[in-house]
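Just below sit the structures, each encoded as structure tokens.
Below are two complexes that have subunit A in common, paired first with subunit B and then with subunit C.
Moving on, here comes the complex of A and B:
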């Protein structure tokens, strides 16, 4: 045997810092060097934008045709822009207004002695049918009361005190604000007294049971209120909807309604002498029930006013004239984009298990938690950027095209638009992390991809496509990761607006970030389990 | 001096089957150690345990005295090739090496160096999925060399190589060990290691059957047998048996003699004027040495199967 002393080899390569940054760089190199994955991410963007555009310009909008088919219009010519409120949001502003100008400070006081209503149980009624065939009864938000309004233009600033069908006395102003007053109704034996006082651009509302003892309900500051405003009595009554729930989609029936308020003890105090009362139907007839226009009127007899009106003074809530849509409908393709991202994110780990590549990865990075953290970070950031590009293109592009195609897109504040885009990007990121974690748990792409799609995309589709009854849809979008789609909701639900608040109509049960939090919780749990499994199992 | 790789009392079960059954060995720098045994003997499992990929139920595996998981720059301590087909087929061979280099904070320049060493320069931009098994082995070698490690551990690197490739690989392994590196190479075919390995660790059924230098193993398998060709068979048998040898007849004019050296056989025959035409020392091949050892492993296997049956019966 040779007795030569062997000198062990010394590595001549000086490795760099083997920190987390190196792992991130390694995982990023892995991701970008598989062409199929890059293509998958591009497809995610194309699907999201493409479906958004398709839905924006899909279908044809035809309007205005006479019974003989003449004078037919289509597309952009049909678009009807709803009035916008002081905050830039779309509003309903249709009512019957008995008014006169008020210059400077002053107040109006009335006693409401009754509020009655009529509604159609068989949908639209013939224009010349009058009130024949209508059923007596008020709607919950039929309103009769007093109002101080900037002018008679739709969407102008206002503050009002009103008796309602079944929501007591309310002070409402500038469409979205609603303050509860006395909870009673107004009858001849138990009338309601209402008062509005104006001081500069501040309007205060009061109610009273006896006209002696007054309670302040609220105060509204109507910025930029001009010196001369319109003051008077109003009545309005929103259309009613009855939704029946069933599998395969609910059905809605509804029709126009009328409200009639009776007032006396009308007292107007102002520095200028009181003038005569003028009756005006506010709002384009078609904005409220066209067939009801002829019934709107007021009568003045010995100080008693009877005012009949139809419509609503409230946020539009997705209901209005012509074709309308919420801004986020341009993000309808997100579910398809998510599917592409889910596939890429799951394969980012399952492909390594399938090929045995995971052993090379773990031999290079024996601390498994760090490896998983690096992979999670890389896929999360890449999916975020993918979602950001997809949403930032799809939202403005889809809305622009829909608008030009004849659909009015409900305006949203810039902060909401930012939330829609960034929220969508964040949803892409967290869904990718969820898919990666589930892929780590199952080690197989088919199982992981299927599970994540079933967990998030399926409940979303079932909920928004009205396949399931509303109640089930609510629970699905509350409990499953699909709750995160709430982050795309631009419509604001208002208690003072009667509407069908379901996912199918753009309303999710959880607030945007709470819904997103549900998805994050799922992802966190899956990631935790993946971490434990990765640590304990042989690779 | 710490052994390059030291495994001590490794035990691991997959379900009821013991894959490793108290396996212990150590490999030293400056030599190629062959890690041989039949398929299923536990070679790959041992390597996975050394790399911290599989956890052993009992025992330790240390690299230069440190568990693999505690290594901060693992690829500059141990380069390994477990499965040459562990590749993302649609990723180019160069990008495969690139991400691995990035994970250790190594540069793309280092990738080019190992590509050159493994003789892959012309094909390095191609997708790894299009590589033949022999080229994948070279790619795996390149990956193992990235960190320029003092220890190399290669599982069946000769698989799928053409004869030219096998010759290249043998020379390459010898060159690496000549630099002072410890090289552990597994194979289920001893012939592949002939001329490459200095030392052998032979395993069977999760245990070490032999742990010795190649020279020792061949000597042990050869015994001190002498082949004798003679026309006077009976006379020769008598003479040699009287001198204390064991003689076996292997043909009409051939004998095998154990217990005497060739020189002593020649002297005895001359002394007694027994005619003969050829006397030669028998030298076993590595293959024969291996067959001898693994035959015992097979017997051991049969015996333990009987034990198992008895245990079940009890």
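Moving on, here comes the complex of A and C:
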């Protein structure tokens, strides 16, 4: 008898590799082969784009109609393009300008002895009412001062030194730049001296209390400033607004305002002989508070100038003639798209529990953390691509259609547009990861989907649809995952523009990426808890 | 008829079905069966508690955040103290969706229909029970919210001198807001039930329900055209339905309180109709 050697069976099939790449491939296969999920992701794109377009074209703009309806216009004919500043942003540029040309280098010096104002608390005033019915008082940003401006066209480059209603002396240039100088006001007993000096492209601003000791406030480089510019005195005063809470939301009331500045000791130094002063109202009537145009003027007696103007020289900040909107309004469909992505992402894990597939998954890949990492990567990347496609189509398409339908879309720099699109895509990705993590925690799709939708959409509704008062709205958009919508904010808040900076008006309390970081923190915590739960509990 | 009830009485007495007795399942049996299913699910009691708890919690937060500094400060105290319904309805939607799609996900639905082949009877029983539970929980939620408003709001400036008497259910408009909010939750339950019956998959159903509810104010906010804005507020389920919470400034509302609730009722009725039809015509 001979003993036969028994060799244990060894499969001739080479063992499969067990790397992370294989795991990714397995999860990707699971995701793409469930038809409903692919449909869900396509629906996410369609909803995002569709709602964006719907909102863009859904509004019919009608304007300029006579009482008998004869001269009514609609759509693109109503669009009013605001002036654009040197950096391409929409600006307000209307004021009363007492000016003369300045060729080559030179400087202007004045003494401001008073700044007064009048404002309307009840909207536009009658064309022949004069200043009757106006309340005395300056606005915080009523300005009187000196300005060097490329030309008298709205939106042209400038640098100015001005005394303001309650913000001290300011040097401002090219609309968005604002530098604080002396903090005092200008009165007859305590006047302010202002000086602007031009040297090539550079304009420097100085202030002084006595006309002897000068302090440099700032320097502006106005690229491409022509040899001959306009130099002179100006006064302007932005609209007066009061925002109040009312039924179903906040409302604003107010009216146009007037500022009056008194100047003396006007000294112009230049190589060419000084000419006569010309008074011009800058800006078309609609932008310049038409009803105040009747009061704009200047008087010159014995070297004392009194200049009265209305309007503002500042970034437009969403206020201007005609219908305007911020670029991100074309991304309103993102809410619907996110809901679809949340459903798919939560089911990506809960379906495994429901069908018992999780046991096979974990048998094949016993390291649960790696399995979760693979799932997170796959759903994150897929959601990112979904969001990228959706936003990259919805944003330009929606804005193009809104523009063609008569709504002026406030222009944004290319970097901001890129941030809006990539930020939206990143939001899709992180929200998907959050839904996956919550789904892993709960193992039940209904609870997971509801929790994530409620956490993201409900705070936004309560804050933006003005259900809750302003202070609470600020906190909701700071602390909840809805803070991430800050990444879609294209409007820039400026301290030198008085406006209602609330989430309802498109201004979030956190900076774009900080707001996005809040969502990321929620997703990270949820993912951490999901990992612990997955490891500790039986599948 | 009398024989049927005798039989059913017998069955209840003996605790077992009489052998060989074939009878159609009545609505009563269906109710009994559905009630057993619903009450023995561990989630149900938590959801019923959540409807009341979440509603009261958010209402309390809203009340705490709202102050009235001068006369007629433009706030609607009933509306402020019932804000929690915004969140409570999410729990209602889960309750209703799970009542239907829970059966589909476990395959229980085939047992249910094998035992009670009259599907619409089963559906009606489900609808009645989910509505009843929601009404119960919603009533507690609404009562708690109004109570908090009554106790806290006078301290936040909602005083008689500012034109705000304390909230009271004896006051007609406040009673309408409160009872209307409870009915609103019931209609949300029916809307969710109909949609869940139509799509069967719970995650998809809850996504559709919450999208339908929560998207309308977001989109209305973005629509600049006043006509479209008004249309959205008049005809979308949440905006229209919550009009029932208004007690002041009714003339300026896009839709009247009861009319708004009527619009939501039409949505819920439509969803139940389509869901029931699908249930009747489709394979389980």
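Everything below uses one rule, namely that the second predicted complex is superposed on the first by the 525 of 539 C-alpha atoms of A that agree within 3 Å, B and C clash if a C-alpha of one lies under 4 Å from a C-alpha of the other, contacts with A are read in each partner's own complex, and residues count from 1 in each chain.
To be clear about the criterion, a residue touches a chain if its C-beta (ideal position, glycine included) is under 8 Å from a C-beta of that chain, and two chains touch if they have at least 3 such contacts.
Note that the structure is predicted; figures quoted are calculated from it, not measured.
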{"item": "Three-chain arrangement built on subunit A, subunit B and subunit C clash or fit", "value": "fit"}
{"item": "Subunit B versus subunit C as contact partner of A:438, first or second or both or neither", "value": "neither"}
{"item": "First, second, both or neither for A:11, with subunit B first and subunit C second", "value": "first"}
{"item": "Partner chain(s) touched by A:157 [first = subunit B, second = subunit C, both, neither]", "value": "neither"}
{"item": "Partner chain in contact with A:36 - subunit B first, subunit C second, else both or neither", "value": "both"}
{"item": "Touching partner for A:186 - first (subunit B), second (subunit C), both, neither", "value": "neither"}
{"item": "Which superposed partner A:364 touches (first subunit B, second subunit C, both, neither)", "value": "first"}
{"item": "Contacts of A:472 with subunit B and subunit C, given as first, second, both or neither", "value": "second"}
{"item": "Partner chain(s) touched by A:534 [first = subunit B, second = subunit C, both, neither]", "value": "neither"}
{"item": "Partner chain in contact with A:427 - subunit B first, subunit C second, else both or neither", "value": "neither"}
{"item": "Minimum C-alpha separation between subunit B and subunit C after superposing on chain A, in Å", "value": "10"}
{"item": "Overlap of subunit C and subunit B interfaces on subunit A (superposed complexes)", "value": "36"}
{"item": "Residues on subunit B engaged by subunit A in the complex (per definition of touch)", "value": "1, 4, 28-31, 48, 51-55, 68-69, 71-77, 80, 82-83, 85-92, 95, 98-100, 102-107, 110, 143, 146-150, 179-182, 213"}
{"item": "Subunit A - residues contacting subunit B, complex", "value": "1, 6-13, 15-19, 22-23, 25-27, 29-30, 33-36, 351-352, 355-357, 359-367, 538-539"}
{"item": "Subunit C to subunit A touching residues, read off their complex", "value": "61-62, 65-67, 73-76, 83, 86-87, 90-91, 93-94, 97-98, 101, 105, 201-207, 210-211, 214-215, 217-225, 227-228, 246, 248-249, 252-253"}
{"item": "Touching residues (chain side subunit A, partner subunit C) in the complex", "value": "36, 40, 51, 54-55, 58-61, 244-248, 323, 325, 329, 332, 335-336, 339-340, 342-343, 346-347, 350, 354, 407, 445-450, 453-454, 457-458, 460-462, 464-465, 467-469, 471-472, 504"}
